[in-house]
Amino acid sequence: TSLPAMPATNNEAVAPAVEKVKLGLGFIPNVQFAPYYVGIEKGFFRDAGIDLELSYGFENDYLKLVGVDEYQFMVGSGDQVVLGRAQGLPVRYVLNWYSRYPVVIFAKAERGITTPADLAGKRVGIPGAFGASYVALRGILEAAGLSEQEIKLESIGFTQAAAVSEDKVDAAVDYAVNGPVVLELAGIPTTQIALDDYLVIPANGMVTNEKTIAERPELVQAMVSATRQAIAYTLANPDEAFAIALQSVPEAGGENAAVSRAVFDASLAYWTPRPEQTLGATNLADWQAAAEFMQRIGLVDTVVDAETLFTNQFVTGE
Amino acid sequence: MTTPSQTPVFVVEGVAKGFTDGYRPIQALRPISFELYAGEIVCLVGPSGSGKSTLLRIMGGLIPPDAGAMWFEGRPHNAPNTAIGFVFQKTNLMPWRTILQNVLLPIEIQQGKVSPVQRERAEAMLATMGLKDFEHAYPRQLSGGMNQRVVLARTLLQQPRLLLMDEPFGQLDALTRERLNLELLRLQAAEGVTILMVTHSITEAVLLSDRVFVLSERPGRLIAQTPVPLPRPRDLTLISTPDFGAIATQVRSLIGETG
Amino acid sequence: MTTPSQTPVFVVEGVAKGFTDGYRPIQALRPISFELYAGEIVCLVGPSGSGKSTLLRIMGGLIPPDAGAMWFEGRPHNAPNTAIGFVFQKTNLMPWRTILQNVLLPIEIQQGKVSPVQRERAEAMLATMGLKDFEHAYPRQLSGGMNQRVVLARTLLQQPRLLLMDEPFGQLDALTRERLNLELLRLQAAEGVTILMVTHSITEAVLLSDRVFVLSERPGRLIAQTPVPLPRPRDLTLISTPDFGAIATQVRSLIGETG
Amino acid sequence: MFDAQKANFTLRAERKQAGTWRAGLAQYRMQLATPLVLVSVIALWALLVTWQGYPPFILPSPALVWQKFLLMAADGSLLLHIGVTLLEILLGLFIGLSTAFALGYLLGRHHTLERIASPYIVASQSIPIVAIAPLIVIWMGSGLASKVAVTALITFFPTLVATIVGIRSVDPDLHDLMRSLRASRWQLFWKLELPAALPIIFGGLKLSATLSVVGAVVGELMGANAGLGYLVNLGRGLLDTPMMFVAILLLVVIAQALHFVVATLEARLLHWQRV
Amino acid sequence: MFDAQKANFTLRAERKQAGTWRAGLAQYRMQLATPLVLVSVIALWALLVTWQGYPPFILPSPALVWQKFLLMAADGSLLLHIGVTLLEILLGLFIGLSTAFALGYLLGRHHTLERIASPYIVASQSIPIVAIAPLIVIWMGSGLASKVAVTALITFFPTLVATIVGIRSVDPDLHDLMRSLRASRWQLFWKLELPAALPIIFGGLKLSATLSVVGAVVGELMGANAGLGYLVNLGRGLLDTPMMFVAILLLVVIAQALHFVVATLEARLLHWQRV
């Protein structure tokens, strides 16, 4: 590696000292975190000298905690990193996990909402005017040249599936693997409009801070490498990965196994790298676009310098 | 109107009452019968716990008797009646009302609102009771004796035709008590109200009464209806007469027997 | 011990007290001075509001006087003292304690715990007061008069050397009251305690006292310290003697003057 | 009875007696104390930020929050958010309290009814509202109604309990008096039960007033387009901690104001308690 | 004083007097009523699901919830979650209540202090906890401590207010008695103030007991690895509404149980009130 190598901990013949590392996940235990369960179960992290502890909470809170170096790693989306940087958080995106932005606008199929333009004048439910769902909404509206005022936006909290199924709204913004999957399983066919078809924004990935990159590059490298290994293994062995995930989240099994499997299968597509993409890498152009977009929709005041948002150095190893 | 007419205003016939204290039954009042005549003053004496308050509460229609029946002014009686004024053993004023407001409560309840005339009458009544300066004070600002006078004023203002009084002068000092005794005699003479009053003072009982009723120890039984044939109008000089002494001694010995 | 010795047990000198009611100052007690001698019984009479309770509260060390000083058993006195027993005007029992527990409270407070001997003494005292069957009852289960006797029992059990009593027999019926008067005389003769007692009954005052103190209307002023030179031991027959009558009349006229 | 009051007098009288200038001083000290504590709390906060070196997105300095407040106040939108939250609070209080009074009165008078109903009332209180948010949103929509419902639910219990206890504590002697006067149901309520229960009811009202703010915020966190709770959420989403603090502090101010209103009302209505 | 009690007696006595069989019947009806209401609530719920045709992820039927419960109970993990939440509740109650007692006692005795402190106490109650979650996580970590802190905070206020009111309401005559007996500070507390204030304090305790459950859930919703609040969140994430319902109903059961414990304790300690 080109970085100054610290006394290596992972190459020594004697059993390496395993370091406890906490990773903040912005959701509750779920099969959607299967690669991390696989990484722990298969020893990818342990072999890299990491005793990984997963901690579940709110993405925003973890971003702040990483910003003050209370935590060293979290999983967050690119737009969050833009937001954080704009607020002065010294955070940086080091590994891409979701190759496509996972948020969609979905509706009952009978409504015939299939393109962004179809949303005009419709009641659209959203958890709140912030976060990934708001980013996706604005991106999709922008694609149709619609303004926020040209739809009826309703803040419905995290009740998208219920609201759509009970016709409280015409469409709702949600993760593709949540609401739509539920309705699908309940026998309600849906149509979906994915942000990713109109605007590419680096999606969920691993975020760390400048301090850790500067002082503990080998730790970042170890985390990135082990996670990549885990993602690759999960993609290669989905059945085994799913089984491991169920062990980690027993409540997801049993009666819920079918739903969980559906969610898991839907997720696999998002974890698969794009054809031309190195697993885990992002490109400057996408970050540039994301930074400009965030400024355009008013979530940040200035266009954040894309160079500061991410680094591929731990993925490509240059 | 100082001598009782022979019309019974109130008739009590075979009234009895028991309570249960947990599982233990308590016989408070054995069957009791008597009549009160219009314009008469009767004092009820008897040891503590003999059922005096219980009897008055039954007569006021506040608790139902276990047995027996009552008639008030010729009609069967078994519920509270606004023509019957009740002075309870404990001073029951509303702490959030001023003295004047407390005195006007019955009028408010019965007539919905208070006319200026009634307000003036209430003020006059309070003055009679020596409470002129305290109209706008609250009960807790007055001494126990003063509050008892407020209760009296409140009851008298209702102009009841029958007055049931449960130890109305208990907390008063000797002098005030004597003054109020005289005031009560004067009022009764003027308005002809019939009075049944519980007291612990034999002197008071003899001074005021046409008849003194003596209750036995629990369970209460009416052991005597001693007539008090002293002339009216009466005043405090009467107390030192031999006739008064004789009747007082008689009552005292009757109570003594009960013990 | 029925005649007072000449040792002053308690000295009051120039004690005065005022209150403010809102902004209006109330002079409750004008400067007052007197002495209580060992083994003496003194009754304090006077109209309602004349400052009797205030005087006792000051003597008990519960409120500070505005002026003046006091000595108890030769020492300056200005705080509560366990050798001084206090019977308050209102019965102050703890509703969550049984009668026996209430009576034992002072012992618990002063000695931390109660010995079997003390418990037996308490039971005996309650029996004396006619409350044998009510040891394990709660105050609210007893009548007002019974509760007053519990308070008396509690205070006497402390074996105080000075007893301050504020209308201790106010709520009792005539008979019980006389019985307790006699009991008090007996106890006092046996134990030689000094007693200052507030009462509204002139008869009671003369029957019990070595001296009767008369307070004037508010602001209280000690207008007389009438000696009662009747022989001891005394009993109820004394009441009908001419000597008794003369002293009673004298006291009554003194109170009358105050009005 | 009487002496209890006298003793009360004694205490107050002695305090007053000490002379007007001393009383005046005490009053003065009191009036000074609260702002003084406030100033020291803010000073402590500022010191904490400086010492611990917290960055603004974790714990912004008082100055920063003040700046943010001025900024938000300038464009007028802050007033709108305050208005929305206030409306939710007031409607919620109105519904919650009136239900609590009515039910509390009923249960206070009928012991058996209370024993039957109380498990369900307790249950209704212990349901985590956030958890049944989807149901509430489905039934009430995501608009004003759901926030009002949450606020009503949360303010309901303390006042209910206080009303039951208050109605129970009415002096039975006064009940007898009213019966002997043949007072109607209505008169019994207005002239006896209400004034007698009021001192205890006010204890519950103070709790409810404070909780109503929490209710509105919880409701808004379920999903809202406006209001201070929405601002809290927005600030969180935008990583704009000073905005969150402005909203939180305004919520605290509202709670204080409501508490003050109730306390003032109490002082007015119950002034007889302090004569 | 005396007659007040007598009147009380009268009411009770008259009720009893009506004969044991009637009393027995009333008792019986009472014991029957609560489960009957429960049954009808469940029946209503079942009907609602059938009529409205709600899909299970919106409102599952009672049968479905029951099945889910059996399933979750079978593998023992449910017990673990209940245990975790109970631990949080009990620790939170312990800290919250003991602080409330201590502070309430202090403020109840010192009026001036209370006036100075009360705005801050009200403020502490109206802060939306979810909003300051990151601060709590930084200070307390994301483990047990933060949940306990939230529970303690939420249970604190009702008991505090009740303690203040209770200590204030101690009969001043009994204070005089204790003074005349030269009781120590300690004796004053144990033998007078505590027993005298207890009836009112219990009102606050019942509220606190109920709210403690809400506190633990709110704490767990901030982020947790176990507990019933975690299950609520998990059920939401898995779109497993029956699981949410099982967790919610268990929370309600815990609240009921706590309420029952407090009520029983009250009946024990205050049995003198009902003689």
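A, B, C, D and E label the chains in the order they appear, each numbered from 1.
Quick note on the criterion: a contact is a pair of C-beta atoms (placed from the backbone, for glycine too) under 8 Å apart; a residue touches a chain by one contact, two chains touch by 3 or more.
Only a predicted model underlies this, so the values are computations on that prediction, with no experimental measurement involved.
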{"item": "Any chain that touches chain D and chain A", "value": "E"}
{"item": "Equivalent interface positions on chain B and chain C, same or different at half", "value": "same"}
{"item": "Chains most often in contact, by C-beta pairs", "value": "D-E"}
{"item": "Distance between chain centroids, defined by C-alpha means - chain C, chain D (Å)", "value": "49"}
{"item": "CA centroid of chain A to CA centroid of chain E, Å", "value": "40"}
{"item": "Chain centre separation in whole Å, for chain C relative to chain B (CA means)", "value": "30"}
{"item": "For chain E, residues contacting two or more additional chains", "value": "1-4, 8, 58, 134, 138, 171, 173, 176, 236"}
{"item": "Residue list for chain C, restricted to those that touch at least two other chains", "value": "21, 57, 88, 90, 141, 143, 171"}
{"item": "Residues within chain A bordering two or more other chains", "value": "58, 61, 64, 68, 158, 162, 166"}
{"item": "Contact set on chain E toward chain C in their complex", "value": "1-3, 5, 8, 171, 173-174, 176-183, 187, 191-192, 195-196, 198, 270, 272-273, 275"}
{"item": "Chain A partner contacts - residues on chain E that touch it in the complex", "value": "55-58, 68, 71-72, 75, 77, 133-134, 137-138, 142, 222-225, 230-231, 233-240, 243"}
{"item": "Touching residues (chain side chain B, partner chain D) in the complex", "value": "57, 60-62, 80-82, 84, 86, 88, 90-92, 94-97, 105-106, 108-110, 137-138, 140-144, 147, 171"}
{"item": "Partner chain E, residues of chain D touching it in the complex", "value": "1, 3-4, 7-8, 11, 26, 29-30, 33-34, 37, 41, 58-59, 112, 115-116, 118-120, 122-123, 125-128, 130-132, 134-135, 138, 157-158, 161-162, 165, 171-173, 175-176, 203, 206-207, 210-211, 213-214, 217-218, 221, 229, 232, 236, 244, 247-248, 251-252, 254-256, 259"}
{"item": "Chain C residues within the chain B interface of the complex", "value": "21, 45-49, 141, 143, 145-146, 170-177, 200-202, 252, 255-256, 259"}
